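Take a look at these structures.
Next, two complexes with chain A in common: one pairs it with chain B, the other with chain C.
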Partner chain A sequence: MVRILRLFFSTLLLFCGIVSPAFSGEPQDQLRQTTDKVLAILSDPAFKSPDKAKVRRELILRTVDERFDWEEMARRSLGRHWLQRSPEEKQEFIRLFKDLLERVYMDKVEGYSWNKIIYEGEQIDGNYATVRVKVFTSKDQTIQVEYRTRKRENQWLIYDFLVEGVGVVSNYRTQFNDIIVKSSYQELIKRLKTKATQDGMDEKKK
Partner chain B sequence: MKKLDTELAVGLFVLAGILCLGYLTIKLGKMEIVGPKGYELHAIFSNSGGVKEGSSVVIAGVEVGRVKNITLENYQAKIILTLPRGIQIQEDAIASIKTKGLVGEKYIEIIPGGSEKYLSPGERIRETQPSVDLEELISKLVFEKI
Partner chain C sequence: MKRKNNSMTGLLLIPCYLLTLWLWVLPGLGFANSDPESSREGSYSPSIYHFVFLSAQNSMPAVQQEDEDREDKPDRIPDPLEPANRIFFHFNDKLYFWALKPLASGYKWVVPEDLRLGVRNFFTNLTTPIRLVNCLLQANFKGVGNETVRFLLNSTLGLAGFLDPARTELKIEKTDEDFGQTLGVWGIGPFFYIEWPILGSSSLRDTFGYAGDLLLDPKTYLLQSVPLSLAVRAYDQINETSLRIGEYEDFKRNTIDPYVAKREAYYQNRQYKIKKR
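And now, the complex of A and B:
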């Protein structure tokens, strides 16, 4: 009897062991794949030298690109002003917005010393999913990040993320709205463009 | 006869007083006698940050609705809001919990979205932002220094 019980429990344990990785569903797995790729590029000794920095950045950008739904993110950030834009204006805005985010967050990604990343779970609700991640830096600080993703052709793409409870889309939606209401959409585009050239110059100085 | 008049006057005065008191109680207590006008939406927050029933719901700084009910659902805060019928909320609108001033009372701000789809009564505002814990942020700043 004892033997049967033991056998039963060991099979049960084995079964749990096989099943548990499957509990982390698609959104989390896909996000983990992208993060792992980026981390691999960051830690690759082949890209460590300063003259390789540009190649490395390109490579990271391309990897990250696959996981982001830039159009959705730009649309959500522009909020109610999106509908009033012409298709050309929308394309231009998506491009500028993507540039802005890449400049702002690439420095952070490259500069951070990521110690450990813990995936805290996901919540799937139809075509939407939230993945919560805890990043441990080498200073033993923890950063709580929450990714909001949407399914498109079997790919869960990020359209918003929250760092320590502060959302990127909501932050930009408020800022962009302020600028458009106070002056105009053209002014916003102008500001985004000047910021891009300024940052480009800062980059060259480095 | 005259005595009756005085008594009547006092009675009416007291009655008027009671009516006024009743009106004030309802008005100040933000109670509603005839069911709430408008419709309900709900949102799920990972941290309600102490929003209470009756807290205001604000769009662009203008109070448009109130928090009707807060319950715990799957260890998250489910907040039901009532909004007037005239105000429609886009499906990509963001509901975030804010604080008046640095330590003031909590309220919910809705940042309108750009979607052509509007939420119908009873639906959920998907995009939410929890209350930011200032103490926690400060402690993180402090501990980084050490």
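And now, the complex of A and C:
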């Protein structure tokens, strides 16, 4: 019975065109390279001991740095408020935003065990490309991640990523906009700085 | 038995009473405004917001504007109840840290993870009718087939749903559908955001969806007493939380305004699920 049903549904799946082997191009390859490097560092026994945690963290962040376009992300997260900022303010904001996103990324990488990653394909549109990835966690959950990348000097750099449809940059944009509109840009910077020092303290406690 | 059913219906009606109450209050809060630009700001002085937005837009150079089109259009869920929602958000936050998390941590300490994953599987299997019926309502026949196979297989070989051989052996994942999504597929928008005490993030549409799902949930029928039913639901919640300790903490650490972040994440995730089906 089960076998018949299985056969029936696998043919159904075939007809639905679900089984489309992902052809991989440049954006996906580059993303995979970075992810593989990070996974290699994570599973490297040399960094397993707690006193090596800081070294490992720095190594991972340096690897990730190559793949993320922090400036573009920061610009997009401020949206229409970006143009009203002076060059110095922009530089300060990029730095604060990068710090924040790096902490987010490290939480995701260190906090959950990624059992398996499946690359589900990419879509290229001129200098823009999306790469879809499915992450299997150790707790039997699957998480759909979509990376948005943009080509700069032969490198496809990530400027946004969506986790289960939730866009990280647009989520921050809504938060930032809310604070700027209700109080001021200075208030936003103040809150970002408080956040950074708070997290720094949490880090030490760990 | 009849009396008990009545009290169950009474329980279901509470959200409806509250909703009608809110619907009466809404026009006074400026929700009736259909312009998406101003309803986005809800009750917060739309005129000032409009002024700021329009002046910024006018000063944008043309090239920038073209580039801006690549970004997601600001698509947000109206939040006319924000003051009340924020109070409930605060309440839910405290509920998590003071009650749910300590309970779940103790439970996690006693019960091994495999067993807790089994309990999660059991509850997931039990709510198959919700997913199956909603797949049908959305004409998602692949989903109907998958849910049927999963239920038959997991209820028998999967030992009443504690194991998930359909996923582990046949690679058939569950199709996560609910009535709120069905209403969305039928073209009904979320209307506005609601943060319910205890239940958490929802929208007007999804609240009706939740009521509909309760009618399809076997727990509603199998457990004839309301306290028992609530206890089972609470247990389900504690079990689920025990598998997710740390996620909410991370989320709060990573956000500048957790309330706004949660609202937008809820909305985007719902839109994504409705589109995905």
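We take it that the second predicted complex is superposed on the first by the 183 of 206 C-alpha atoms of A that agree within 3 Å, B and C clash if a C-alpha of one lies under 4 Å from a C-alpha of the other, contacts with A are read in each partner's own complex, and residues count from 1 in each chain.
Note that in this section a contact is a pair of C-beta atoms (placed from the backbone, for glycine too) under 8 Å apart; a residue touches a chain by one contact, two chains touch by 3 or more.
What you are looking at is a predicted structure, and each value in this text was computed from that prediction instead of being measured.
**Student:** Following the superposition defined at the top, how do chain B and chain C come out on chain A, clash or fit?
**Tutor:** clash
**Student:** State whether A:K195 touches chain B only (first), chain C only (second), both chains, or neither.
**Tutor:** second
**Student:** Should A:Q175 be classified as contacting the first partner (chain B), the second (chain C), both, or neither?
**Tutor:** In the superposition, A:Q175 touches chain C alone.
**Student:** Please tell me which partner, chain B or chain C, touches more residues of chain A.
**Tutor:** C
**Student:** After lining up the shared chain so the two structures overlap, which partner does A:R103 touch, if you call chain B first and chain C second: first, second, both or neither?
**Tutor:** In the superposed model, A:R103 contacts chain C only, not chain B.
**Student:** Go through the superposed model and pick first if A:K90 touches only chain B, second if only chain C, both, or neither.
**Tutor:** neither
**Student:** Which of the two partners, first being chain B and second being chain C, lies in contact with A:R32: first, second, both, or neither?
**Tutor:** It touches nothing on chain B or chain C.
**Student:** Touch test for A:L78: chain B only (first), chain C only (second), both, or neither?
**Tutor:** Touch status of A:L78: first partner only.
**Student:** For the superposed three-chain model, which listed region of chain C (7-15, 97-105 or 187-195) is the one that clashes with chain B?
**Tutor:** 187-195
**Student:** If I apply the document's touch criterion, which positions on chain A are contacted by chain B in one structure and by chain C in the other?
**Tutor:** 76, 79-81, 83, 128, 139, 162, 164-167, 170, 173-174
**Student:** Quick one: in the complex, what on chain A touches chain C?
**Tutor:** So the residues of chain A touching chain C come out as 2, 5-6, 8-9, 12-13, 16, 76, 79-81, 83-84, 100, 103-104, 107-108, 111, 128, 139-140, 142, 162, 164-167, 170-176, 178-179, 181-182, 188, 191-192, 195, 199, 202.
**Student:** Which bits of chain B are touching chain A when the two form their complex?
**Tutor:** 46-47, 90, 92, 94, 96, 111-114, 116, 126-127, 129-133, 137, 140, 143-144
**Student:** Show which residues of chain A lie in contact with chain B when the two form their complex.
**Tutor:** Residue list for chain A touching chain B: 75-76, 78-83, 125, 128, 139, 141, 146, 148, 160, 162, 164-167, 169-170, 173-174, 177.
**Student:** Using the touch definition from the top, list the residues of chain C that touch chain A in their complex.
**Tutor:** Per the stated touch rule, the residues are 41, 44, 49, 52-53, 56-57, 59-60, 64, 70-72, 74, 76, 113, 117, 142, 145-146, 149, 153, 164, 167, 170, 172-173, 243, 246, 250, 253-257, 260-261, 264-265, 268-269, 271-273, 275-276.
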